[in-house]
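Labels run A, B, C, D, E and F following the written order; every chain starts at residue 1.
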Amino acid sequence: MTTTAAPIGRFPIPEINDLPEDIRQRILAVQEKSGFVPNVFLVLAHRPDEFRAFFAYHDALMDKPGGLSKADREMIVVATSAANQCQYCVIAHGAILRIRAKNPLLADQVAVNYLKADITPKQRAMLDFALKVAFEAYAVEDEDFEALGEHGFSKDDVWDIAAISAFFGLSNRMANVTSMRPNDEFYTMGRG
Amino acid sequence: MTTTAAPIGRFPIPEINDLPEDIRQRILAVQEKSGFVPNVFLVLAHRPDEFRAFFAYHDALMDKPGGLSKADREMIVVATSAANQCQYCVIAHGAILRIRAKNPLLADQVAVNYLKADITPKQRAMLDFALKVAFEAYAVEDEDFEALGEHGFSKDDVWDIAAISAFFGLSNRMANVTSMRPNDEFYTMGRG
Amino acid sequence: MTTTAAPIGRFPIPEINDLPEDIRQRILAVQEKSGFVPNVFLVLAHRPDEFRAFFAYHDALMDKPGGLSKADREMIVVATSAANQCQYCVIAHGAILRIRAKNPLLADQVAVNYLKADITPKQRAMLDFALKVAFEAYAVEDEDFEALGEHGFSKDDVWDIAAISAFFGLSNRMANVTSMRPNDEFYTMGRG
Amino acid sequence: MTTTAAPIGRFPIPEINDLPEDIRQRILAVQEKSGFVPNVFLVLAHRPDEFRAFFAYHDALMDKPGGLSKADREMIVVATSAANQCQYCVIAHGAILRIRAKNPLLADQVAVNYLKADITPKQRAMLDFALKVAFEAYAVEDEDFEALGEHGFSKDDVWDIAAISAFFGLSNRMANVTSMRPNDEFYTMGRG
Amino acid sequence: MTTTAAPIGRFPIPEINDLPEDIRQRILAVQEKSGFVPNVFLVLAHRPDEFRAFFAYHDALMDKPGGLSKADREMIVVATSAANQCQYCVIAHGAILRIRAKNPLLADQVAVNYLKADITPKQRAMLDFALKVAFEAYAVEDEDFEALGEHGFSKDDVWDIAAISAFFGLSNRMANVTSMRPNDEFYTMGRG
Amino acid sequence: MTTTAAPIGRFPIPEINDLPEDIRQRILAVQEKSGFVPNVFLVLAHRPDEFRAFFAYHDALMDKPGGLSKADREMIVVATSAANQCQYCVIAHGAILRIRAKNPLLADQVAVNYLKADITPKQRAMLDFALKVAFEAYAVEDEDFEALGEHGFSKDDVWDIAAISAFFGLSNRMANVTSMRPNDEFYTMGRG
């Protein structure tokens, strides 16, 4: 199999050492932590200002404290990215979901049909809303907030679900337009 | 993880030893070959006559000689089943596709977005047509046959593509209605 | 009107006498019963193994005893085939529905808009579910079984509705791909 | 069969003799010509001013001279009304189409899937455009006029096709909202 | 800005003085009242009989007494025309809505997303139904009438809502096919 | 009219003086420049980190040099936000588009149906692609880049179009979920 020679995106990939220092440091840090550089860092580095804003947004949503567990956040990413047919995000965040949830089956289940996944009713409500934000945000109404409230989500949790769906909607679109290729490593991570 | 205790479908699962002899033999044969009994055999055995017709149809399409390789046939199954959001078929046939194609990445790529998968233009045309059969068969016209012909598909190959898409469309619907659960074994098979 | 000279399908039509004996006998039997050979038998005979599996499946669903009347089963076929825009199935099974239901109006009503047809609330629930299986099987859930249960359908009746919708979804796709032409006889049968 | 006792619409049906004289005369004339009063006349007579405008519009499009034959105009009505799932219009105008085209099969073919009907390429282009007007009029562009021109349609023929599709779109909506029931007579007219 | 030189439609625009006298008088009357001739009068005058039927229908729905206020009727026009992507109707009737409702914001709100507009629950129910008539009239059922009744709409009000949605659906389609251009005057009318 | 008393969003609006200094300064700067504080600043200030990332991303796309004029960028925002039915973005960026393009008609035209707007073929191609990114990014392929190249767009221009569509897709979703209300001032700005 020679797929690793495939291009990782449609746009020029900068040399890491030619990048602005803050971006170079971020990439080296993730490489040290993960053992490889996820391609999203390389593809988006073509635009340093957008790179910085993208990862600042990402961190503000995915790394902050809050009512949603880290596994829940990744589950939102996988479900919405699958609906948006984004190969990079489903495969990369599917790996992270397997690890965060300590469950080797969940990511594939959520990606294909979350209605049949091994999740709780509360997680089901969360994903229903995340998908509504992804495809019919114009129709979000008070009833949606109330329904999530009945499952124990606070109003700020609802913001979080919406923001993660919306932010990865942006990410999915850029990944599809740039033909961002998932690293081979992601396919097997966390499969136990 | 206790997911293996989850029910494998909404309908009663017969005891293998209570089944008609021909069905029992088929199930024992697949168990011997695979090391486990794929749940589709157990769920459909609730209806012996339909079981027999289903697997006769399956074998007529998937095991016969013809212009499509076995990997190509599985690729059609994965692409159309993903579009139909059928968890059982994507996960079980994704495993078979990895094995038949000797490629650990292909199934996940095809399931998420076959337009971005590592496939040839001929395979792309094959999947475009399979999806058209799955969602807009009413609009299939001479131009579709011609376009496939230009890629080297014979008229009987076109029948095969259509029939595989149509048959697994039936399978996808029954799997979704019965809540057929993929065996845990499928998730990791062929990941190399 | 010279439409009877139109081709009955895109693929070669075998001579009846050249067919395997079991298929030849089946075709002769239907001809004796109906006074003509419905084109589906001729078009599918191009593939004897698939022909056998197709009609075995058909008979397992349409001829067996069970909670659904024969008219109800035909009504499912007409409603789902109309939604799939399958000319052969709507026109051929529309004829059978008129005969089975002893109602010359019902088939056309169901084909155009079953929500306005002269049917009972129980039949309406049956068709709603059949259409859900045809177009959104991924979203079938316990609530669907419960709603049908309230109308008096057993769990196995639900399987029957789903399987008829799914099987004729396969049939609709093959009829559309092969450009299967309904016999002229069907148009006027059962119009009283 | 007691279907003839079914209500012919959701709104009150006026007594013919209580109607304004011009409307009464129009209804008597159609009754004399057809042998029965098509229900559209009775349902719409609930609103005399709208009745007059409706039939003035109808006559301006369907009875005037022009490049489209009367059969072609009815074919547009049947194809678009089927797509709008309007039982009254498909069944009533299906009958008229059978008569105008002197073809007992055409109406059912066009209603189920006009792509498979016994029509000419010019008629196919006409129906493609009529459906585009019905569902995506916002996307009609110069290219559509050019494509129809290549089939021999004048610019005013294009207006006619569009206007018939648009007018019967109005008619379909009113028939569905009023639950307008087709007269039993239409089902068998022109079946030869 | 030279946009006023842009053509006002795809079809020939007749000279006002060459038009039949009744049409000429109608156009002069609207010009006197509005200070300009809305382009819909000029574009449709290409077909005098259709012009007469169109405006007779329009007046029967928009100028008659009834349970719906004139502002409500214009609101239906704006909401459905926006969903049909009809530039002429949204911009022209948006102006009229601003005037009738004495509200400079309402038309733009309704055009973009009526779910977020400053309207009452009763108006919201009215627009929900108008949109259902525009896009899913085949699914209108007794429940729709009941829901509107609970908001205080009479059965004849429901006819009015449906008829306005259906009539402007016709108008939207003709405006899109003829590329009817809104007069520049409409953009600023009623903005206060 | 008392609409100005309407709430500007579903979430708490912070006092400007309680905000972190950098956010407070940004808000005061825009207030000084525009004469009012656009509500997006107040609604998003509920989440300072997301606020910073959002506006950093915004500025990286909308204020940087590049092949797209500022009017073109606003046109992309209006067209995609209208398709996403985002009241805030259509009304606020419609105002900015009128000003940037020095054209009082363009924003309303683009919002209702950009296919009928007074734009160049190059702008049409730009908006076609922006909408494809908004709704079918999974299907973006080399052909899209080539088609845009033929209109004179560089590869980096294509990134810009895609990124603006994707970023405002995020913005549209957040505005809809938070029920962000456009300031009254936007409705009349730039109408000449």
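Basically, a residue touches a chain if its C-beta (ideal position, glycine included) is under 8 Å from a C-beta of that chain, and two chains touch if they have at least 3 such contacts.
Keep in mind the model is a prediction, meaning the values are calculated, not measured.
Counted as hops between touching chains, the shortest connection from subunit A to subunit D is 2. Shared contact partners of subunit E and subunit F, listed by label: A, D.
If you average the Cα atoms of subunit B and of subunit F, the two centres end up 44 Å apart. Subunit D and subunit E have Cα centroids separated by 24 Å. Spacing of subunit C relative to subunit D, judged by their CA centroids, is 28 angstrom.
Across the assembly, subunit F contributes residues 85-86, 113, 115-116, 138, 176 that each touch 2 or more other chains. Taken together, the chains touch in the following pairs: A-B, A-C, A-E, A-F, B-C, B-D, B-F, C-D, C-E, D-E, D-F, E-F. By the touch criterion given at the top, residues 138-139, 141 of subunit C touch subunit A in their complex. Contact residues on subunit C toward subunit B in their complex (touch as defined above): 10-11, 46-47, 49-50, 52-54, 56-57, 59-61, 64, 84-86, 133-134, 137-138, 140, 145, 155, 158-159, 162-163, 165-167, 169-170, 172-174, 176-178.
Within the complex formed with subunit A, the subunit B residues making contact are 1, 3, 6, 82, 85-87, 90-91, 102-105, 108-109, 111-113, 116-118, 176, 179, 184, 187-188, 191-192.
Put simply, subunit C touches subunit E in their complex at residues 113, 115-116.
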